[in-house]
Amino acid sequence: MSWTSDPILVVDGLVKRFGGNVAVNQATLEVGRGTIVGLIGINGAGKSTLMNCIAGMYRADEGRVEFDGQNLIGLTPHEIAAAGIGRTFQVPRTFERLTLIDNLMIPMLNRPESEDELIALAEAGLAEVNLHDLKMNNGEELSGGQQKLLELARVMMLEPKLILLDEPFAGVNPTLCTLITDKILQMKEAGISFLLVSHDLTSIYRLSDHIYVLNQGEVICEGGVDDIRDDPKVVEAYLGG
Amino acid sequence: MADLSQTAPTATGALGRGSDIKRQRRIRRAIWYALILAIVIWCAMVPVRDGNLSIYFAFMLGATMATGLNFVAGFTGYMPFGYVAFYGLGSYVTGIAVKLLGIPVYLAVPMGGCAGILLALAFAPTLRLSGIYFAIVSLSLAIILQRSIALMPEEITGGSLGMNIGVLTDRIQGYYAMLVVLVMALLTASWLAESRLGRSLKAIREDAEAADAMGVNVVRSRLYAWLVSAFFASLVGGVQAWFTGAFDTFTAFDVLVTAKAIIYAMAGGLGTVIGPVVGTVVLVWADELVWRAFPELNSFLLGLVIALLILFAPRGIIGTLIRRYPRLRNYFM
Amino acid sequence: MSSILLYNALIGGLVFGAIYALIGASLNVMMGVLRVVNFAHGEFVLIGSFLAYSVFSLTGLNPLAALPVVAIAMFFGGVAAYYLLIPRLRYSDDAETSSFLLMFGVSLMLVSSITWIYGADIRPVNFSFDPVNIALLTVEDAYGKGRDGKVLVPTARLVALVINLAIIAAMTWFIYRTLPGKALRGAIMNRDAIQVVGIDIDRLSANAFGLAAALAGVTGVILTLVIPSVDPNGGAPLTLFAFIVIVLGGLGHPIGALLAGMLFGMVEQFSNVLLPQSAAQMVGFVMLVAVVMFKPEGLFGRKVMR
Amino acid sequence: MSILRKATLALAMVSIGALASADITMAQEPIKIGMTVSQTGRFALAAQSGERGLQIWLDDVNARGGIEVGGEKRPVELVALDDRSDKALVPRVYETLIKEEGVDILFGPFGSTLTGAAANTTEQFDKFLMIWSASADSIYAQGYRNVVSGTQLAASLLGLPTIKAMHANGVKSVAIAYLDEPFPAGIAKGQQAWAEANGIEVTMVESFSTGTKDYSILIQKALASGAQAFIPTSYEGDQMIIARQLRELDANFDAVGMFYGAQPQFLEIGEDAEFLFSQTLINPKVNWDVTAGLTRAEMMERYEALFPDAAYEPDFQTALAYGAGVVLEEVIKAADSTDPAEMKQAAIDLSGNLTVMTGPYAIEETGKQVSMEFVVMQNQGEGNLEVIFPPAVATADPVFPAPAYSDR
């Protein structure tokens, strides 16, 4: 029943309610080590809520989240970050009044390296996403697309094993899109796993190894790209809504 | 890099590629330490040349309070409107220790500082509130503390006349004590700004949730800032008692003490190290001019300055300068 | 303790409770619709009081004659103040805290302006009704052996209470039954959504600010009946009371503020009876802190509004 | 009205300054006196009322050519700066007066609260401080060397005439309430102690804090305590509110003591102010045989001439400040110096040997004023003020018990 033999993240029967509304209902999914898993669904399907439960921003009402064999339920976001899960946000959340260098220094606060080494790491990280020239500028001076890049570079500084990517392509021009896609694939090469939430089905289909479809908080189907593309339930969820 | 040219700002190229962040930090530090040294020499000379101590004391007090407030308001984004609670507590603990327990004032002031830390620990649960809730609860707690002290027996707190330790303390010593506390606060500020703790605080100020997701222990970092901030306010309260000798529940818990700290820090630029000092210099000097020339207009002008600052320069003098000339970031801490 | 004190506390609680409710309600409109933390709210109330004082001392008329003047003047003053101050706040990093500090500055300016115009001292509003009070019932031996006591309502306070309740009723009707009122309520619940349905949020906000200012001014006029004096330094406590009330009632909760105002008035009066006066003045603040810490949505609120 | 008043005051000050500076050119170096006057804040009214009294003395002394020190007449110059009624600001302003304005002698600010702060500074700089309005006993218990209260009686004694007058009329029980600030608290405590020592039962003692506006429960509590008389002590504005609320609640005591009840502003509130026991030391019916300075009538005349547009008649603050000015002049003359220690000694030597407009002058070693007792007044209807105590100067019998509100 499991599509992967080596899951790094296991979500099992997760339920999150807001008052009377059930935002996530018995969601179960897995992310295989070194894979990219897509999570799709229409607006309000519960994708972001699910992400927030995994990242510890919301506390799940029921269910189990296991990461690399470690139970995540009850941990705070920074503990989850320390465990090796990084995330980006749907609307980029750069630290606006910090320089780009300092933005990248934040995830490395708990690392043992010296200040000089950290600066070097941060500079290298910025170079990776072509933002090195702006290193002394503040986060607020970047365009929306550049902020997406910065977030990507920033989350890398955590040295995560798994990255939760929330709409990495939203509002990004095609050139930057390509750059981001390349980066994601590069990181995957380096052994990092991804849970990717996006509206942009084209990108999802291009990148994902496995896809889950969420509708009204429930996982209504899962499978490889080809299975999903033709699944009538998906079509119905997207069109019949 | 075609992909960058179509997007937002041109790189300021402040230092150019490959230039050294460490060098830039050295410059900032050199400027900052030179400023501290200048302040120390200038202020230390006042008693020697028999100048008007009170005005310089007011400046040092303002700069310390603004810097202390900056630790929590500038670095973490909380607006503790009841900041004066720590100041008042410091005054009273110092006064009681000197007058009733006969403890020398130079020991009593640190005791006041420690009492401030204890109070800050007691108030720590309020840190989970945000924005306006925090500000109002903080103000209410200050009022509750003030009224509680007013209700205490007159033998301890001096009742409505307040405490008078003027005969037991030396004013010139109090003046120099203020200078010491100011320098401590300024050094702490520059250390904090460059430390990992300070960096995490700034990240929290910008976006606490994002900082959390990046592995920053938000609760613990905020608590540290809160304690440091409270410690300095309590020290200042104690030194103020030392210098003037007389205080009561009205002056020791006057909400204007908080307001001035906020305004001085904001005028210079919250979240910068140099800002509170610059803001205090400008406003204390302006206040001195206004007070002599237009006594009746004083509080009107104070209010006007606040309103204009908020509307037209919400980041203060330094913050606005930096925003306009980003290159200055290399010189100001 | 004499039961007569409790009766009087009940009456006082009603009178002051209604006033607190009205102050809270007007502040609530500002905070709910505009997210403006009006730290000058007490001074807005004071302006009403001082205008009533002026009308009275110039014409000798009942201070209530100032009601319509104050309401209209404060409404337009409020709208003007809105356009002068509030739109620019959008450019600041933290609009809520900025509004708080901005209005603190405004309050300093208002206090010193009032002091400049009227002088620094407390002035009596020397108007009185005839009869000066109305006896409700007699309590035998209220003040010890053979000394009966009457439970009295000062006429001025009774009049204030009635007018106050009428305004509250009118306001409730306005908010729940009229179109602009519903728009206002909509804006409190979701400021963004309301723009989608074609409402000019700027105009709505300006009107809301004007309405809140007018209500605050009207409260000030009523206040001169209950406490027949004006004091340029009396604004700050009123501001704090207003915040206590809306936080107790739940931010942005129109009915919550009314109930909380009544509750706060009662608590204040009864603690005056049960505790020494100087200790009783702490009770409101203790209550505020307790509610915020343990029930941040307010006593009558359902959901936290961020 | 208020703006006008201030403008006139400013004009008056400028002209006096001009006169003084005209003198300087030909006469001796002036004796500079420094003080703070609250231009804003809660003490502004009283402080400015006092300043006018001091201006009268200044005008008079300079018209006489100044004060003779060391065989030469020196004019007197006043430097008055604002303290905004802010205790935290007072030390700073007094230091400015001493350091930058170079004043020789200091005059106190208004009230115990501010004076406490000023005295610390003047002591530190070893300057003589003439107090005119601070009564709190605790100020004189600090061990200051160079302070003297010229006219203002110590608080513990200040309120005694009222309670004594009540005692004389057979009051057996009294309820006391006071604003928790040094001046009212000092008065209330003095009255309480005297009452208890003289067999009057004190049925209630309660304090309230600044900003209290609704006194109805407090009044009810006083009634419920069974007291025959009620003495709520606070500043003038508060007392006017209390007077109104007493009537609104039909709270009938045999006697109500309100310190400020005879002040001109207080009388404006009409019938609420009737039958109260109030205190003053400036009244047409009280005339001392002065040994120095102007008589009461002369002072009133000068007031009219100097401040024709002042909103109010001179009140006891004006009298206290004027009287303190005269005492200061006598002290300087007797010491023949402006040295603080010599002045303090002279001030002690003068004790009991000087009578000014406000009455006979006597101090303790600490500088505490123990003479200059106020008289008790009663507004016996239609603003008709009569002296009712002490009997030696009384002009009428008190209306006692006061008629019930329903019978007025």
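Of note:
Which chain is which? They are A, B, C and D, in the order written, and residues in each are numbered from 1.
In this section, contacts are C-beta pairs under 8 Å (C-beta built on N, C-alpha and C of every residue); 3 or more make two chains touch, one makes a residue touch a chain.
Predicted model, so just to flag it, every value in this text is computed and none were measured.
Farthest from chain A in terms of Cα centroid separation is D.
Closest chain to the protein centre (all Cα atoms averaged), using per-chain Cα means: B.
By count of C-beta pairs in contact, A-B exceeds the other of the chain pairs B-D and A-B.
The mean-CA centres of chain A and chain B are about 40 angstrom from one another, to the nearest whole unit. With centres set at the average Cα position, the gap from chain C to chain D is 37 Å. Centre to centre, using the average C-alpha position, chain A and chain C are separated by 49 Å. Shown for chain C are the residues in touch with two or more other chains, namely 93, 112, 115-116, 236, 278, 281. Among the residues of chain A, those in touch with two or more other chains are 97.
Each of residues 147, 150, 296, 298-299 in chain B touches at least two other chains.
Residues of chain C that touch chain B in their complex: 37, 85, 88-89, 91-94, 96-98, 100-102, 104-113, 115-116, 236, 240, 243-244, 247, 278-279, 281-282, 285-286, 288-289, 292-293, 296, 306.
Residues 1-3, 5, 38, 40-45, 85, 177, 180, 206-209, 211-214, 216-218, 220-221, 223-224, 226, 235-238, 240-241, 244-245, 247-250, 265, 268-270, 272, 405 of chain D touch chain C in their complex. Every residue of chain A that touches chain B in the complex is listed here, in rising order: 55, 57, 76-78, 81-82, 86-87, 89, 93-99, 101-102, 105-107, 109-110, 116, 119, 123, 130, 132-139, 141-143, 145-146, 154-155, 158, 173, 175-176, 179.
Contact residues on chain D toward chain B in their complex (touch as defined above): 6, 39-40, 81-82, 84, 86-88, 91-92, 95-96, 99-100, 112-113, 116-117, 119-121, 123-124, 136, 138-139, 142-144, 180-182, 185, 209-210. Within the complex formed with chain C, the chain B residues making contact are 77, 79, 81, 125-126, 129-133, 135-137, 139-141, 143-144, 147-148, 150-151, 255, 259, 262, 266, 296-300, 302-307, 309-312, 314-315.
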